[in-house]
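Heads up: the structure comes next, in structure tokens.
Think of it as A, B, C and D in the order they're written, each chain with its own count starting at 1.
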Amino acid sequence: MEKFSPYIGGKLKATKQTFSVKNPFSDETIAEVYLAGSAELEEAIISAQRIEDELRYLPSHKKCSILMDIAQKMKEQRDLLARTLCLEAAKPIKYALGEVDRAIQTFIVAAEECKRLPSEHIQIDWTPAGEGKEGIVKYFPIGLVAGVSPFNFPLNLTVHKLAPAIATGCPIVLKPARSTPLSALLLAKIIDTTELPKGALSILPMDRESGNQLVTDERFALLTFTGSPQVGWNMKNQAGKKRVVLELGGNAGAIVTDTADIEKTALKCVSGAFAYSGQVCIHTQRIYVHKSIFNEFTTRFIELTSKLKHGNPIDATTDISSMIDEDNAIRIEQWVKEAIDGGAKLLYGGNREGAYYPPAIITNTKQDMKVCSQEAFGPVVVIEPYNNFSDAVGLINSSEFGLQAGVFTNKLDEQNQAFNELKVGGVIINDVPTFRVDHMPYGGVKNSGFGREGVKYAMLDMLEPKLLIRNYL
Amino acid sequence: MEKFSPYIGGKLKATKQTFSVKNPFSDETIAEVYLAGSAELEEAIISAQRIEDELRYLPSHKKCSILMDIAQKMKEQRDLLARTLCLEAAKPIKYALGEVDRAIQTFIVAAEECKRLPSEHIQIDWTPAGEGKEGIVKYFPIGLVAGVSPFNFPLNLTVHKLAPAIATGCPIVLKPARSTPLSALLLAKIIDTTELPKGALSILPMDRESGNQLVTDERFALLTFTGSPQVGWNMKNQAGKKRVVLELGGNAGAIVTDTADIEKTALKCVSGAFAYSGQVCIHTQRIYVHKSIFNEFTTRFIELTSKLKHGNPIDATTDISSMIDEDNAIRIEQWVKEAIDGGAKLLYGGNREGAYYPPAIITNTKQDMKVCSQEAFGPVVVIEPYNNFSDAVGLINSSEFGLQAGVFTNKLDEQNQAFNELKVGGVIINDVPTFRVDHMPYGGVKNSGFGREGVKYAMLDMLEPKLLIRNYL
Amino acid sequence: MEKFSPYIGGKLKATKQTFSVKNPFSDETIAEVYLAGSAELEEAIISAQRIEDELRYLPSHKKCSILMDIAQKMKEQRDLLARTLCLEAAKPIKYALGEVDRAIQTFIVAAEECKRLPSEHIQIDWTPAGEGKEGIVKYFPIGLVAGVSPFNFPLNLTVHKLAPAIATGCPIVLKPARSTPLSALLLAKIIDTTELPKGALSILPMDRESGNQLVTDERFALLTFTGSPQVGWNMKNQAGKKRVVLELGGNAGAIVTDTADIEKTALKCVSGAFAYSGQVCIHTQRIYVHKSIFNEFTTRFIELTSKLKHGNPIDATTDISSMIDEDNAIRIEQWVKEAIDGGAKLLYGGNREGAYYPPAIITNTKQDMKVCSQEAFGPVVVIEPYNNFSDAVGLINSSEFGLQAGVFTNKLDEQNQAFNELKVGGVIINDVPTFRVDHMPYGGVKNSGFGREGVKYAMLDMLEPKLLIRNYL
Amino acid sequence: MEKFSPYIGGKLKATKQTFSVKNPFSDETIAEVYLAGSAELEEAIISAQRIEDELRYLPSHKKCSILMDIAQKMKEQRDLLARTLCLEAAKPIKYALGEVDRAIQTFIVAAEECKRLPSEHIQIDWTPAGEGKEGIVKYFPIGLVAGVSPFNFPLNLTVHKLAPAIATGCPIVLKPARSTPLSALLLAKIIDTTELPKGALSILPMDRESGNQLVTDERFALLTFTGSPQVGWNMKNQAGKKRVVLELGGNAGAIVTDTADIEKTALKCVSGAFAYSGQVCIHTQRIYVHKSIFNEFTTRFIELTSKLKHGNPIDATTDISSMIDEDNAIRIEQWVKEAIDGGAKLLYGGNREGAYYPPAIITNTKQDMKVCSQEAFGPVVVIEPYNNFSDAVGLINSSEFGLQAGVFTNKLDEQNQAFNELKVGGVIINDVPTFRVDHMPYGGVKNSGFGREGVKYAMLDMLEPKLLIRNYL
């Protein structure tokens, strides 16, 4: 049985306590992990502080070559990384490979962006008081960063915190998800072989109590959290003077208008709804279809869903596997039942088997049912017809969340209305709300989050502007 | 009879020779203008050189307040300015007032932009060779500017050269159009009352021979010309080492698809086709209408055209008046005749009366007819049906010109195709190609021009970047 | 006795309770002000919500003309505004006039910036997954803004919240300082005469309890506070899901090197130290002078200080008047005494008379004395010699605050070191840390604040980015 | 004997005529090259036109991967590339290796920049006329590019034209220098193995007559030339409607003030003066040294120069080798003689041996001597003392050229004066004018050039802005 140690400022350190990481599909233990506590966190913080000044002055070519080196070494270990996260997260291997590729791309983007930090040159002489003066605004690393990453993209969402930290020159201490720490710890070993100064990175599997020190410790200048809305928002008011970035979830929706290409749209929507059992922040949970094509679309959607192959995540042909744990599968089972009991109609579905919950398609729902109003984070989708476009926009907006929305349309006025009126972080025309590439600004409004990630945008929160005013004449 | 003198570096100077400026509508002489020659040009250049360094160091708050002061004083003389250009250009007073308002706005935009000169801060340390170095790029005035402005917007197209010159700190010597120099000279008198250092501006009515020295004299760093394609392109190869910006004409076209709002579209197209007798660089000369609405659109277009009121430009209700001179009216008359002789059909039209040529609407043309392929710069429009959108795009592109195009559509795919494929400087969705606001980038491709105007963009051509590399560490 | 009412969404409303505003110099009551409470706040919030959508769609030319109109009307009432804030704040009239001029400039900058909202166009096709897609990021108003402004710049620091709110299209509810609400309420009356939609602005004098609802009420999307560090940081953890911007204070310092021009530097430093009795966030509290010029500089500094004229703030020749209240004068008196008791030497000073505390110059201090380490916000300055530049940098940094720093030097290496190493928001070369123009980014690090103001930068916090991804091909 | 063929749109094609490429050091023929003529150029143009549309729509990830692939393959052939250009140009191998590394970096920068094309989002509603409209400016490839590259950096200055062309999606036809075509043709073979669509690149060794068609042929939208001022400026007025970028030469100067570090400065200046025998556009030709350190500096400069090792360029220890041909060596010999005959003093020098001319250091010159006023492009440097900084600035500016200038100083006021007053494209503080990294904006003013290169800047000239205005509401 492989044992994984916390990575503390350049050292792998066993601790006194371990916990088991299981394959959610087989329920077998796949590794033991040493649990870090307050002492290890203290050590990580101290090693981070020690390296802070050196990182601050690292020239961009060095940061760039470190980041490119990590990307290169990840390419070389692509299969191992993918297998690891496949096993720890029950993520079908084809999606796991995709995630590794995206994580590599995230590092490459950071390698490029560290050479393009924001800056500004300002004419100060707009009034006589400023005559003969000019300003330069340069962005400096903000200081120590605390990161918390979730189970569902255990590699790439960790990288979305590490890569910007390296690119900006901020030391980072990261707590991976308790259930899926392996790929992150594997990545730490890879990074350890590069020239990144020791102390710049620590990855500590911790229990929630120790992890909470990441939130409250005033030595961190930034807390960047990706996870559930409830946990995230609680952190914000405990964070003291530090900055907080929250990437939370939602119940993202799509609008399918009568000018949409039904076949292409259905294909994308099935993927948006059921990829990785819907355990995705921008999972397509709600689909509003113009009434004139509702039947045709729904029929095709069900057909395509029925072709999804269930199985072992390590199998290359598997489309859908177990959820992260049985508790979550049970929760979805109950939500679906509650909806049906309340009058909703199950268009497609099946019985739960342990942690596996098969794709469920529901219609005739009420807006206050959990499957509509709360974040499912599971393989369930609600499809409803709508009459006119404004109704559909209203339905998307009648949510406490606002991450992304997809709008399938060929009409300019619908596109414009969607962009102006949808209360979300991103509107994706002719694709599902689940669409993301790693360099785009990503994040939600309302209860879905606070701030933006996406390398360049994540970097901004790790930087502090400083103004230099020079007398010029 | 009022006499206007050239404005030479702060002085109004009578010369030995005068010429008459006539009202093209009444053919009456409205003013005598002293003609500048080589001696006056030399004086203007020398006074410009003398002030160059002072202008270069003018703080932005001073440039801003000078530009705002000009705008304010133009507001106070709005009626006089409008009347003057109405009379010299036979521009209906309602359009003349609009032009004055736009010229004021052009100065206001320049007042704002002079505080926002481009600049850049560059990390130099992308390779070890650049370690410890940083770069700043700042933009400095390029030097003396030579401007040539046309008859059709004698005020605002002059201002599009003067305002950027003041905003960047470049002295400018401008030659207004021979037929319409009055409003520009009136503006010079206004500017003379501001704190703009003398020498920064000269406005010299010149014959073409003297004017050609603006093109060839090596003391000018930039020639900015607005006028006819033939004249403009000839200048480029005589310009020596200086920069050249050419704002020329075209035969702009619009596409009216079957998703367009016919009423709104027809209204806009009639204005685009006949405002100021089509003597506009982005005059809507060609309209391609989807065959399914061709008849309906054309009927409505003719109806609206028939309501245009012909008359004295000074009359507030006049929509259309005389062309700039009889020669041009005769030219249009011949082009229309040539088209009809070649098989085209005149849907609407009338007989020329002196310099007045009434609106002409033609269909069933061939592409090589002058009314299609050349720049009409007169009140003639060609309307043709098309079968599919790609055809319409092809028709717009089958021209040696490429200034702007209008596309009336509610379809995203048509918008995208138009933007990708139309060979023009600007694509205006749901408006005529004749649309322009003064801060947008404006200019053509192919034979329509070289470079862009639009205050900020015109300013760029009047600025020279200079890099400062500093050792930082 | 003039009575001032809260301005609630377009209406001036008397309430049941009033409080007196006194002239700190004469201790006379100059006005009665109706105190707003929860009911008025609720009304303000509801009127703000009602207008939110209309503001959101206001075209930029309308926002611009409203802001310019306010600026114009303030110019017309310059004297009244200056007198009002002179009387309520005991601010010498020459500084009061300067503040009005700056407030006008702040509105003008906002008028220009509302036409230049940030935006971004992003190539999405960096990976095959993004092929055929492009992104636009546009910034939308964030929603309701709660503002809290301080007593020391009762007009301009209020405007730094109002003007960006209008420019971005966010309704704002602002609580002015309890002791100096008059100029803000006078401004409300001016704004009421413009075309700003009613509901967009409320100004409510409130007690702290009611005011605290601005912090906790979830209907506000942003809290922007300018005031004391203690109050500000407490707010941050009560603010729930809203954004928070804190502009707090500090104990700003200057470094005077041996390449400085002593005469110019001393003049600037005396102004930085004693203008408005040091009641300025970026008050020059600490001056570190190279030992080789310490005596010469200090002698000149004392001479210049001795020429400052004490008197009635309404007198045009008055340089220094009473502090905002006697409590603060007593506090400064105690701090100075404590320093002297601890071994510091008073180079210049005098006795407190009521709320007036005369300029005090101290040397031979220890770093943990209150006059060094805490925010004095009063007319006291510490001058100490230093040996080498790194020491001086270290002294500036040995503070829990970090707003701005001034460095008087002609050496490139000192400038670079200062910019790289000083832990502040802004480094001003050859001027005091007290330097500010209203369009520059302004704000502190460490305990001095959270976020930046300066119109464009304040606007950024009032805007939410939204991404539109379009399928392009 | 290796034979090199022109690379025409994807094919290597022998022609009827060949010419010999010689090693300037040994005078031995090292390769035969087939000469392209009008027929081959025609073929290249046609293949370029054929691929134009496909290139235009290449997604950025494909352009990026092509460019990175070229860089990777160049790394693999680093030695061969370096040897080739070492032999054809007599460039000492250590500099040749450096040039290959820089050329690789140039491709990497282009790979990154093609994902970051310029673009703009513009609020159109600054006036009522623009209400409801928004603008996007996107940059499209301009069309066919004609490139002409010089002998002195036969690889990297070729890459500075190819890489931006690929990054922007413009087909390019390039004429390498007649004397040094081999490394460019070797690069063509490398590029041929990548996925760059055939037709996108042609490299044609041509005689000047055929080459002149690159200037005059209207099918090219841009001519980008690097070479001598005389040839370049002649091209500009023959170029018709196309854009022209000229990267020409100069007689760059450095100022060494009394605050400079003499040892470091002398080291950098010797390198700037004699690297590659001064055959560098930004060769340090003139050094103005503050009189107080003139003797000390000059002594050290001579010492360091005397240590330069002359020899075979392929030898790793060689610092200086033959010039490109004997004619140029003779020219320098004559210029030096002329200076001495006119009263100048040779501080260090030796006798010409064939194409080898040893480093020459001259003082006591007059400004109109060729070694001062013209472009030497050879191993000669003029060192003169100056009295005050303004004099030194004046001396630098008393030249018809203005490429870059170096200023060694630790004074802020000297830096500022230099940046404001020096008439050059770039001011390098504390380094020689010869400093260049490949992503910085590079180019001259006055007779030194027209436009800027430096990947991103070169790309701008290969792009045409197009405005899209959309009705938004």
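Simple rule for what comes next: contacts are C-beta pairs under 8 Å (C-beta built on N, C-alpha and C of every residue); 3 or more make two chains touch, one makes a residue touch a chain.
Keep in mind that this is a model prediction, so the values were computed, not measured.
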Pair sharing more residue contacts (C-beta pairs) when C-D is set against A-D: C-D
Most widely separated chain from chain D, with each centre as the mean of CA atoms: C
Inter-centroid spacing, chain C versus chain A (mean Cα positions, whole Å): 38
Distance between chain centroids, defined by C-alpha means - chain A, chain D (Å): 45
Distance between chain centroids, defined by C-alpha means - chain C, chain D (Å): 50
Set of chain B residues in contact with two or more other chains: 57, 115-116, 120, 126-127, 130, 138, 412, 415, 420, 429, 470-471, 473
Chain C residues touching chain B - in the complex, by the definition given at the top: 112, 115-116, 412, 416, 420, 470-473
Complex contact set, residues of chain A against chain C: 57, 102, 105, 109, 120, 122, 124, 126-127, 129-130, 133, 135, 137-138, 233, 236-241, 243, 415, 419-420, 424-431, 435, 437-442, 445, 447, 450, 452, 464-471
Contact footprint of chain A on chain B as seen in their complex: 57, 59-61, 64, 115-117, 119-121, 123, 125-128, 130-132, 136, 138, 409-413, 415, 429, 473
